[in-house]
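In what follows, subunit A forms one complex with subunit B and a second complex with subunit C.
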Partner chain A sequence: MIKPVIAMLFLVALELTSYQEKIIARQGNVSFFSYTSVENIKAENNQVLSIIDLENSKIAVSMLMNAFVFEKALMREHFNESYIESDIYPKATFEGEIIDFNPLQEGSQTKMVKGVFTMRGISKELEIKTKIEKLNDKYILSGVFEAVVNDYDIKIPPLLAGNIAKTILVNFRFEYDPYEN
Partner chain B sequence: MTKKTRNIIYLLVFVLVLLVYGLYNFTKTKDIDTLIAEPMLELTAEDLISYLELHKNTNDKQYLEKVIAIKGVVKEINNLNERHTILLKGGKDDATLIICDMNPSQSIEFKKLKPGDTVNVKGIYKGFLKDVVLLNCVIANKKTND
Partner chain C sequence: MNKKRVLISAVLLLLSLIIVYVFFLSGKHRVIANEDATIVLKSDKLYAPFKNNQSAITAKYIDQVAQVQGLITSISKNTIELDNIIQVDLNNDLKTNLEKGNVITIKGRCVGYDDLFDVVKIDQAIVLPKE
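Let's look at the complex of A and B:
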């Protein structure tokens, strides 16, 4: 009688410890698109850092604003020097929680990620629908959301107002591995 | 209008166009060509990370957006996000790495690399999160473990 109970307890313990406490994405991808009739602007950052604590479903994201790659060098210059002022505000961050996240569930699940996004020193609450895929130790989070330019006090000269959309489409994709440190 | 006056006007317009074109090219923002750029700093991956960790609270920006050359041991190579990327070992227990996003011209050199190789990489220093980020990297030369 005792043996099956011990075996069951062992299996439960194994299941509970079958995931790492924290997972890390060192090369997360964040890209944004601005569509206007004048021009389309696209940029991407492939070195976005993100860490998830699987115990409490907390997620943190941090990115260097000057690491966004643009099609044209002039676009990059305007973005960093005039709009984002990346020398003053070098990073954008997101801190939040994945709501009702089950880290043990293999396959795909769609959850809301709720948290605070900070850019140019301005923090805004965001709620982002996120697809979470799990295969063994690997997790992939992906999704898309819209950011309103005015929310972050980004000053666009009237002459260039027609070139930049009022709402920017942001895509993200993070591949997480166990965080061993 | 005499023929001479017309020719002078044509010449002036031509010179003006030439001047505007020259000025545009002179002031146009260009990407740094890491293939030919001389590095501002040359050091090992360990030394770079030690330096950055020591100065992380001092807002030290002297190497930001500058070309630096790093010698380090390859921890991992990958093609995540359809980018050729080399991760160099650096910090204590590999807690901090150097992420080198490769210039597309480095495709052949990149494919020859394997974990454990020692490489000299040159790239534009973008900053330091948990890891050091270098973009537009090129391999200066490579020393394998073979």
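Let's look at the complex of A and C:
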């Protein structure tokens, strides 16, 4: 009689600890830059969601393309309507794992994050060097990577081809808090 | 005579450049706080069609100004969650004394649905005063 009770308690405890081992970011920042001789385009999204399971170092990121803010309203319109087609593909996602991540190490560590980035329904394997800072129960992940426009089947009219870089520089910074609900 | 012609064409060219700039390149951003709401709903009514993949309805919601009422279930910096299903990013940091459990009405731009956290997102939002 006692054994199943203990087993149950153990399960409940396990459930509880694993629950607390998740950290989330609700206001993650992702920005991208396109540098050409014709013009520089910058856009920023401050509402990117992310969750990390500290137990297995799995990370998920999800952003709504519609939430990118541009310097000019027209750039935003082109981005959403012509290039990303955000009515058909509203989200970009990343799912992966932080390799050799030590969630207990205070201060800063630099790790590779390996995973799959999906945009416009096209998935690409990415490996991103990421700086991880830990202060008590808060974590900050930041880094830079490059995305090749051609990889995602983004059609740019020949007239504007000179305005948009072939490779887009993507910056990200996420601040995580313990997940409580 | 020739000089006049050059001058006129220069002025015309300048004018057309200005017109092109004003109409095509400068494109003003919307100011959501100044726009009237086109969708007025309780939080669950806004959430349901997104959750149930009713794209015919949700397509009409995206990028619209939504006025939504709900109960605050979490607050952090300038992000408020209503009834655990609507995530609201406010224009400015909170100035009013809002707390968990308060029922409020907000107005902002409907961004879309994110299945990672299972929330409908609204940005550029303001908290409307109580009626």
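Here is the rule we go by: the second predicted complex is superposed on the first by the 161 of 181 C-alpha atoms of A that agree within 3 Å, B and C clash if a C-alpha of one lies under 4 Å from a C-alpha of the other, contacts with A are read in each partner's own complex, and residues count from 1 in each chain.
Note that a residue touches a chain if its C-beta (ideal position, glycine included) is under 8 Å from a C-beta of that chain, and two chains touch if they have at least 3 such contacts.
Keep in mind it's a predicted model, so treat the numbers as computed, not measured.
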Touched partner set for A:177, first subunit B, second subunit C, both or neither: second
Touching partner for A:46 - first (subunit B), second (subunit C), both, neither: both
Which of subunit B and subunit C A:29 touches, first, second, both or neither: first
Partner chain in contact with A:21 - subunit B first, subunit C second, else both or neither: neither
Which superposed partner A:146 touches (first subunit B, second subunit C, both, neither): neither
Touching partner for A:55 - first (subunit B), second (subunit C), both, neither: neither
Overlapping contact positions on subunit A, where the subunit C interface meets the subunit B interface: 24, 26-27, 46-47, 49, 62, 64, 66-67, 73-74, 77, 87, 90-91, 181
Residues of subunit A defined as touching subunit B within the complex: 24, 26-27, 29, 44, 46-47, 49, 62-64, 66-67, 69, 73-74, 76-77, 87, 90-91, 173, 175, 181
Partner subunit A, residues of subunit B touching it in the complex: 28-31, 61, 64-65, 78, 80-81, 83, 85, 87, 93-95, 97, 99, 101, 126-127, 129-131, 133, 135
Subunit A residues touching subunit C - in the complex, by the definition given at the top: 24, 26-27, 46-47, 49-51, 60-62, 64, 66-67, 72-75, 77, 87, 90-91, 93, 177, 181
Complex contact set, residues of subunit C against subunit A: 24-30, 59, 62-63, 76-77, 79, 84, 87, 89, 111-117, 121, 123
